[in-house]
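Before anything else, here is the set of structures, which you'll find just below.
One chain, chain A, links the two complexes that follow: it is found with chain B in the first and with chain C in the second.
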Partner chain A sequence: MSARIAVPVFPGTNSEDETLRLLRDCGGNAELVHWSQASKLARYDAYVLSGGFAYEDRIRAGAIAAHDRMMDYVIEAAASGKLVFGICNGAQILLEAGLVPGTGPIRRPTAAFTRNGPAPHFICRHVYMKLAIEPVRCAITAALPEGALVPAWAAHAEGRLAATPEHLSEIVGGGHLAFIYASANGIVDAAAVPNGSALGCAGLVNREGNVLAIMPHPERDAWNFNHLDRRESDDVLAPSGGSLLFRSFVQALASA
Partner chain B sequence: MTRAVAIALKIPDNTAFTAAVALRRLGVGVERVERSEIYFFDDGGDVPALIERITADETIFNPNTHRLTVLDEAAPRPGEVWIEPLDPVTLSVSKGDGEKAATSWRLLGRNDASLDQEALRAAAERLLCNPAIERAVY
Partner chain C sequence: MELHAFDAAWSEHCSYKSSRRFLKNLPTSGARVLLGPGEDAGILHLGTHDGERYAIVVAHESHNHPSQVVPFEGAATGIGGIVRDVLCMGAEVIAVADPLRFGRCDDPASHESHVARGAVDGIGAYGNAIGVPNVAGDVYFEHGFDENCLVNVVALGIVNEKDIIHSYVPKGAEGWQLVLVGKATDPSGFGGASFSSLALDARDAELNKGAVQVPDPFFKNVLMRASYRVFALLRERKVVAAFKDLGAGGIVGCSAEITAHGGYGAQIELDKVNVAVEGMPPEVIAVGETQERMLWAVPPDFVPELLRVYNEEFGLPDVAYNARATPIGEVTAQRRYVLRYRDQIVMDVESEFLTGSIHDELPYTEKIYHRAAAQELPALDIQRIFPRVLAHRDVCSREPLYRRYDSVVRGRTVLPRGAADAGVLAPVPGSRLGVALAVAGNPRYGSIDAAYAAEQAVLEAMRRVVAVGAHPIGLTDCLNFGNPRRSEQFGGFVAAVEALAHAAAELDLPFVSGNVSLYNETSAGRAIPASAIVACIGSIADIANVVTPGFKAAGSALLWVGSREFVTGGSVLAELLGDKGTLPRIEYDAERAALAIMRDAIARGVVRACRVVADGGMLTAVARLAFDARAAGRKLGAEIDFGNPLCEAGGFVCEIAADSGMDVTGTLQIGTTTDAPELIANGTRFDIERLYEIWSQPLAKLYP
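Right, the complex of A and B next:
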């Protein structure tokens, strides 16, 4: 039987459907698990925390969800080596839970995806994420080519990586910087960073390589109909680049 | 002269309620939480003029939902912890600049008694403050 993937749904999560659809399209055996069914989470082999505004981002984005009972199971699963993948609000929750970069105790965050800069506004912008680690450094990216460019949509008001200089050094030194923003041709420069994120960070991985948190939404650029750079002749229903990361995730489960 | 202004909801504050529930789950003996946003204004010497400016502008204040208090001191009162962003936001409020300086959390126990410093620290460390982007001031 194939590995079971849970997509936890907190009150306020809003991207669970497209996340679930893409996981299934990539061959994943995925199901939604709502907050009232938290205890079911123990039965799953992997977890994808999708975007939204869990608990309305009360106090801080991801702060309340990080202490939800569902996260007790996710934290335990991550400690046992299961794969955990967070997107946007899911990524914010993983940082608040201390799972990534994972340089401090659990639920004592050492970094945050916080208010965009320099202008503190919500952005909705098509972006590219460039893989900044060896693909095998993170189980979820292992099937991607080196330096892979993954198209995605950045849709957030709080996606800027912020941490103290010491913790930023730990992120770099520990190889936690998984994805950085880049232009469509792979050039890394400040113009490609939509939100002022430190280190140009789009995604972080933990030390063990089984927890990945990314801010942009690859699941919103998973088929050509929502890929901005498609050609006239492209099949609009064919997969686009955003699906690559999800395929790599599902492949990692199949080979585990 | 710098003035601190506290703006709180006068309608039920769901965030404060959620914080109280979460803090109780984390072992902090809190019965009720009061929350307000703290703004600093450098040109706040004339208090009536400052209040008039803020209320007329309605950028940070809506008379239907908010209560505005000009604080005697720009510092937390007993039972309060202020969570200050390390990187504050300057905003324009009707021909002047203000700075969103902090979120004030007042933690109350039984009979609305203020919680002590130890409880405030626990609340800040476990939930209210992310030290990567904020600092707690007691």
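Right, the complex of A and C next:
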């Protein structure tokens, strides 16, 4: 029996279907769990928190959802070493819950993905995320090549990593900076960062390496038809680069 | 009560009382049409996958008046309403588009700029939150819209043809329950329908705010998902039902139509309506336009299941105050529409009288437009004028605006907003089927010749869909015009409708959905530029054939495909030269030939890249193909030679492999692509990086 993956759906989540579809396409045994059935969450082996606007992003994106009953289960699962992967709104929730970078108490965040800068607006832009840690540092990235470039779409109004200088040093020193923005050729510079994120951060991992939070959406560049830069010979229905991270996640579950 | 009910039902907004006699001339049928105008949205056959037939549901509306008064909320509720129109046909909503017309925003601090920013932010906030990608749209900035912005919205849905749900009850529906779902009814939006049919007076703006509805995309997100769940249950149990959006006219408008159009009456208990505040007068409950509400008509034995999904599984009451699914009445055999409140009958009228057609035969001045071939222009100083064309407010990059819209949520986007001339989606997961969507309607033409503008809107929307590799299958329109009670302004409307009908007949495409927005005039009695805005839907049998953006290689041939009329009238060039120019007759033989050449070339796979020629002319289209390549990291340029490369004669520029073997009859080779990052036009040399800077910057002042 393969490991069971839950995709929790909060009121306001909007990317659950494509997340579920890609997980399944990568061989994952995944299903949606709605907020009205929160108690079902105890039965799963891994959790993928998808994009959206849970609880309307009130106060700050993810702040309310981090206190939802569903997160009690996710927090407990993370502490027991189960894999937890958050994308966009899911990532914001994981930061607000204090699970990543995980350098403070639960639900007392030491960093947040907050209002974009310098322009404080929603931005929808194709980006590349570059793996900035040893692949095996995080169980979810373990099957990626070193320095992997993952194509994805940034689509958020609150994706700028913000923290005090002390906490930013902790993030760097503790090896929490999992992904940084890069251009298509792998070059890391300010032009590649869509939102003013500190450290050019696109994703963070916790100390134990079982919780990963990324802002951009690889599941929206999952098939070649999603990828504007495809070659004419590419089968449009075959997986594209964005699926690599999902595949790595599902592989980690299989080998666990 | 009757006063308010009929005020809404018989408003221009709902009844089309002055426009209907002209609209009936639009062609609305065809092999692809499953449902023409009449219900909440039109439906077109898309294609077959795995033995199942799929259709595209499309609706097109305006939310002009509310957006002028409260731009953010007005535009947001425009998206909210159009999404419900598509949803209630049993479809999954897959895309929205937003044709926008704003006043001049040269000063980012002006009121016009406030409207232009607020409307865009409202559209983004709503669409992004509900998770529907915005894949197409356009925007123009003209003084004619300074006091009357246009916010048109289009939405697409995908549905298995077996699962279409209608907006009226079927035969045998006597005794069915009417179940209101959504937010608690509140006093917002009271009088919205008749408000939309008034000319705006700045002094009344404050007063009118009460008529604008309050958007709640967070709630809508949940309402949509719960409704998808109900669709699945109806499929499973093979239950037939009717579903309709509550729009103009609120509970009365919706419940009267859903029953009367099936040949039945209705009895509604207003006391059963879940309200947000106690003590609302019955007429406010009955016709108020609180957003995020819909009405089901279902057999009584399905009611418990319906209530369970909305109220428990998706917990509507926990998501918004007193939101829920509530039975409020039933379908009756007598064709009477009866409202009860506190044990009294507060209204009892013939259903047909309330929903039936009323007519208002307003006089109009017949418009005769002068069409003439363009005169030779004096030799152009391309070096000086082309950068000004690229920086022009109607030509420069729209990216600062549309990057505020999520164009890729749901993971089905093939061509996102701005990547090409039309948006493309793969709407059926796992299938190669694609759907393309584009909009058009050039107000610079509209201020000269309402009929020419309407015909070109049809042609340009079609060209855009063809340019990405799709087959046009249907059209929608939104007719935004001035005051029908001024015969001169109404004449423009009449001419435009005739022109739309003519173009659609010549090009053999049906209109399947549409909307009319009148009274777009200033307090001084000046109408907006005639604005027949058209959307075109295209089908794609295999998304592998979609033309991807930008030049692909050096040494390709650049072909011009299109009419050879040199149109300078209404062009950006003419404006910059201070000349109005003339507009020619449209030669449909040439237009049909051009569309056929492009479709054939794309089908045979020889087109490497393509852009339509529109605002800014041919040279702008060539520059954009170079910009598109630049975005993909390909440093390619072009050298072309073409009479007047800035005239806006509609057509296509495409890149074809030099050895493609394509039959080039009917096309004109205007140049080749090069591996130098420069554009050479009629011997004048431009640096592409520099051109890109000029083109990409201007709107960033308005949308930082």
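Just so we're on the same page, the second predicted complex is superposed on the first by the 256 of 256 C-alpha atoms of A that agree within 3 Å, B and C clash if a C-alpha of one lies under 4 Å from a C-alpha of the other, contacts with A are read in each partner's own complex, and residues count from 1 in each chain.
The criterion applied here is as follows: a residue touches a chain if its C-beta (ideal position, glycine included) is under 8 Å from a C-beta of that chain, and two chains touch if they have at least 3 such contacts.
Note that the structure is a prediction, hence the values are computed from the model and not measured.
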item	value
Superposed partners chain B and chain C on chain A - clash or fit	fit
Dominant contact partner of chain A by residue count, chain C or chain B	C
From chain A, separation angle of chain B and chain C (C-alpha centres, steps of 10 degrees)	70
Chain B versus chain C as contact partner of A:153, first or second or both or neither	second
Which of chain B and chain C A:185 touches, first, second, both or neither	second
Contacts of A:123 with chain B and chain C, given as first, second, both or neither	second
Contacts of A:63 with chain B and chain C, given as first, second, both or neither	first
Contacts of A:193 with chain B and chain C, given as first, second, both or neither	neither
Which superposed partner A:18 touches (first chain B, second chain C, both, neither)	second
Contacts of A:96 with chain B and chain C, given as first, second, both or neither	first
Contacts of A:108 with chain B and chain C, given as first, second, both or neither	first
Nearest-approach distance, in Å, of chain C Cα atoms to those of chain B in the combined model	5
Residues on chain A lying within both footprints (that of chain B and that of chain C)	55-56
Chain C contact footprint on chain A (complex, rising order)	9, 11-15, 17-18, 21-22, 34-36, 51-53, 55-56, 119, 121-125, 153, 155, 157, 184-185, 217, 219-220, 222, 225-226, 228-230, 235-237
Chain A residues within the chain B interface of the complex	55-56, 58-60, 63-64, 67, 96, 107-112, 114-115, 117, 120, 162-164, 167
Chain A partner contacts - residues on chain C that touch it in the complex	121, 124-125, 128-131, 217-218, 221-222, 225, 312-315, 318-319, 402-417, 419, 426, 429-430, 432, 542-544, 546, 548-549, 632-633, 703-704
Residues on chain B engaged by chain A in the complex (per definition of touch)	14-15, 18-19, 22, 25-26, 86-87, 89, 125-128, 130-133
